[in-house]
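Both complexes below contain chain A, partnered by chain B and then by chain C.
This part shows the complex of A and B:
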């Protein structure tokens, strides 16, 4: 209609080709049998495939562990970075964010090599190390952002009303930084479930994650089963987002890099 | 202090942020139940002082003595400078309210009581009572973000007074409200103060608000207390031209105290009620615009003038009158006088407020470089030949107010600075200029400058007289 709405056309085309179409293809493949007809078999196969179910459980477990470790390490780090008395330089913030600028694959390969040189045997420990190393900045940054923007008068008001420094943190600072925390959890948990390269390199495929079996299926031309697994993963990610996304606006704001 | 009516006694308080000294040797005491206002322009240190009383800042020097209930039920006086804010028996209403956005109205107000472990049903009673006091009953379940500015303000006050503090600190609490709302809240605050009997310490830059609310006003400027007094004292008897200019409208004029009870200004001699200034001493004279009697006939008048402009202001007319001495004065009267007409003017003796001049010339610390050069204000100036002072020695440079030229561009002057404060003296402006070196110079000029203008400072060599630097700095 108006000229201005025409500007959206290139983006629309982009969205159709790179987002909508692939999604439709995933759904189509997921419900297509070997013969090309419609079937639920691919999806139901997953629930009888002990191997896949096991991997799924391991994936969720690893993702939860990774998210928890990132939160426990990331929150204090973000708190210190955002506190003007403790951190007076912007450079320290950059140093924490810097790893995000380098390709995750490169970092993972380098980490794996480091473990080889140091003689560590690859396994769960090295996997978690690699995951935390990769995803920690994604936890720190949204929390740091929320804490930095937080009006210091809230903490002062709490102290003024009789709260000790510990109570100020527990009753005001922590609840007010929840948008940053949920945004950080989203940004760590979801990619961890679908990651495959990190587990491949850092455990020598000893531990398989959900992303790994999708990749294996696609690689061995089992497109239909792979698509079904992808669909299941999408649903899980969607559910997590819904559960954590009660405060959507803030989560997005907190996640802005 | 032997007066046991005193609740806070501040002694010689100083505070610097980096190189900038924001509070300089502040001493004052506050009586129980008093409504004290810290009044001053932004950057005068009033908020810093309040934050120090609250405990958010520690003083560099000095004591904050506060009445303290010890465990035996007796009260004693204690220096609280090192005691953290959560242990102090006072509460603050913050400028932007600082209501906790994750809690509703009820939980915001109950916050302090819960921390103290007050039983649940007592919390309930007290929260409801205080909500009623601020006329916010029925709002207890509301989300604080859904409230208007005025309502948030009421909740913020309720959250503080529910804890029954000995002293309530208010940091420009009405600054964010519109005029009508502000005036309503002023009345409510005053009533609340009378009902509760709590000591209020109130910070504002609004002089009208201070005059309306306070029992005592503390006027501050540049980190120092200028005057402490009742609103009436401060309005009628300002101690210096800053206070006179800051509080209300005023004509501030140069004058000479001829002898006791006789002062000369606007080219005429006036009877006044002031004594003890000495004879022929230069003074500042303050006349409030409403204290000048204006009439159409000139016989019987002390002096005459021509009406330059006349503006209706609601209750009164505001007129600018050129006097026969060539000064411009502001007059307020219930009657309008036609522009261009000649009027007779009378000032009654007790409406003339005479103030000792803070200074009669610029006296600047300097260092002698050679016989005809000195270093001052961070730059080198040429001056009248200096004799008897060795190069490198500290000295004082004396420069008359009218002998400093201000330039439009900073680079045109020997030194540069910023116009800090402007006072209209009837026929010229008296400017305070803060130089780049952080010192103040005072300039009399006919030119119109604005506050914040960046200027070059030029002084002719023959206008700089150098004398030996005395050890005494004052």
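This part shows the complex of A and C:
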């Protein structure tokens, strides 16, 4: 028995080299100056770098808007899909999951081209539409999962005891679906902040998101500053995960379709 | 009744919105026009161009397709083997060691692509490892293997552990027991894991972008990125996107039907960005 647990040792070594060490290197490079010595300069530079600060603020704003729209559109969809009276077909669920598998870059370009052909000018509006289009399935799926597993007898009991349908939803169904909402927010908010390439295509280079700033610095050999920005990104990831207490693993494992 | 109609309408409006851009590309893959949105009559010319290799932009698109497939096949194969062996190991682990490895296994799934890409880029810089084909494949193995581990784990839970022990007692070497007893039982999870890893690798843009170095290695995603930056997509990308979408659609349906048939409660695993 104990012998077979050794089978994971090569992978453990692999994970240390390719997962743990790279993350440690982000921290190391973030606090390293041009001369190789320790410095806080890269991190403090961020707070005086107007371009980066502005992009950061815009990214957070766009990510919040995107998350809210996805939640407002996605919750009813998840509710309908998980309700056996309203939806009996597993195919509709698969149809919602499918776009998650298509390269986001391709889907984005298709959307941008469609806007061009329809004559919309590319800007904030098209950016939000494209982002909602990209991330909506990631909001629907975890909520759908939680609703599907929910014990319906609670809602029935509340109704039997005289609660109105609105009360049943507000006091029973919604609170019970909070874990799915947290996972959904986690899966939409963070990737939106770190998006790169997508926002440029959807806005004709008018709006940049935080991922692009990281990419620009890394590509122009500003590794230390790029690492500092990545570290800030990592801190935000840690913070949102902590705040939401969300469990992305749950979402990954999914539910029966 | 009214409620049901309303619900159905809502779902279908959302679905139509989700699929309009994809269908739009699909429809215009059957016409030759250089600019998207112009319909110059039905034509299979763009599809022919892809398969004959005579693509407008020279041979680079064909090279990018080849690179994408080679990387995806190698990364998926290695991830499947590494992930399966590790899942068996992790399944038999206890306590803190198990928690540590599971925690590390989750990180590539939780991290946004940009962070995975940048962190691996820094690793290769740090190790003075020249970046190219090999580093892209290693990076893809890094983000694919966790999904294989997750696909194989439930199969281990359903398996009777005594069968493996019995094979050993009856004189099989561990290698024989692995090949003849474990692998056949884990195969459904391994196949799902392979398909997952393959599509994840096929789809990746950000991680490839950061780890491909400066030797001019292009995959389909990086090619599309460069092409779109130049303004205007190569017309041949339309049929190509359509083909990729159709292939992924078929793979996913096959995967779901397989899982539906096995009726063992195996759940589909979704990609997380």
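We take it that the second predicted complex is superposed on the first by the 243 of 257 C-alpha atoms of A that agree within 3 Å, B and C clash if a C-alpha of one lies under 4 Å from a C-alpha of the other, contacts with A are read in each partner's own complex, and residues count from 1 in each chain.
To be clear about the criterion, contacts are C-beta pairs under 8 Å (C-beta built on N, C-alpha and C of every residue); 3 or more make two chains touch, one makes a residue touch a chain.
Remember, it's a predicted structure, so these values are computed and weren't measured experimentally.
Visitor: With both structures lined up on chain A, is it a clash or a fit for chain B and chain C?
Guide: fit
Visitor: Does the superposition put A:204 against chain B (first), chain C (second), both, or neither?
Guide: In the superposed model, A:204 contacts neither chain B nor chain C.
Visitor: Is A:175 in contact with chain B, with chain C, with both, or with neither (first, second, both, neither)?
Guide: Only chain B is touched by A:175; chain C is not.
Visitor: Quick check for you: in the superposed arrangement, does A:106 touch first (chain B), second (chain C), both or neither?
Guide: second
Visitor: Considering only touches as defined above, state whether A:167 meets chain B (first), chain C (second), both or neither.
Guide: First partner only.
Visitor: Thinking of the overlay built on chain A, is A:39 touched by chain B (first), by chain C (second), by both, or by neither?
Guide: A:39 sits against neither chain B nor chain C.
Visitor: What is the contact status of A:92 with respect to chain B (first) and chain C (second): first, second, both, or neither?
Guide: After superposition on chain A, A:92 lies in contact with chain C alone.
Visitor: Hey, is it chain B or chain C that touches more of chain A?
Guide: It is C that touches the greater number of chain A residues.
Visitor: Output check: A:156 vs chain B and chain C. Expected answer is one of first, second, both, neither. What do you get?
Guide: In the superposition, A:156 touches chain B alone.
Visitor: After the superposition, what is the least C-alpha distance between chain B and chain C in whole angstrom?
Guide: When the complexes share the chain A frame, the smallest chain B-chain C C-alpha distance is 15 Å.
Visitor: State the interface residues of chain C toward chain A in the complex, per the touch definition above.
Guide: 3-4, 7-8, 10-11, 14-15, 17-22, 24-25, 36-37, 82-83, 85-86, 88-90, 92-94, 97, 100-101, 104-115, 118-123, 125-126, 138-139, 141-142, 145, 150, 199, 202-203, 205-206, 209-210, 221, 224-225, 228, 233, 241, 244-245, 248-249, 252-253, 256, 260, 265, 267-273
Visitor: Considering the complex alone, what residue numbers of chain A touch chain C?
Guide: Those residues of chain A that touch chain C are 1-2, 4-12, 14-23, 25-26, 29, 73, 76-77, 80-81, 83, 85-87, 90, 92, 94-107, 109-111, 113-114, 116-117, 133, 136-138, 141, 187, 190-191, 193-194, 196-197, 201, 211, 214-215, 218, 223, 226-227, 230, 233-234, 237, 241, 248-249, 251-257.
Visitor: What part of chain B is in contact with chain A in the complex they form?
Guide: Spelled out, the residues of chain B in touch with chain A are 54-56, 84-87, 91-92, 94-96, 98-102, 111-112, 115-116, 159-160, 163.
Visitor: Quick check: in the complex, which residue numbers of chain A touch chain B?
Guide: For this pair, the touching residues of chain A are 151, 153-154, 156-164, 167, 171-172, 175-176, 178.
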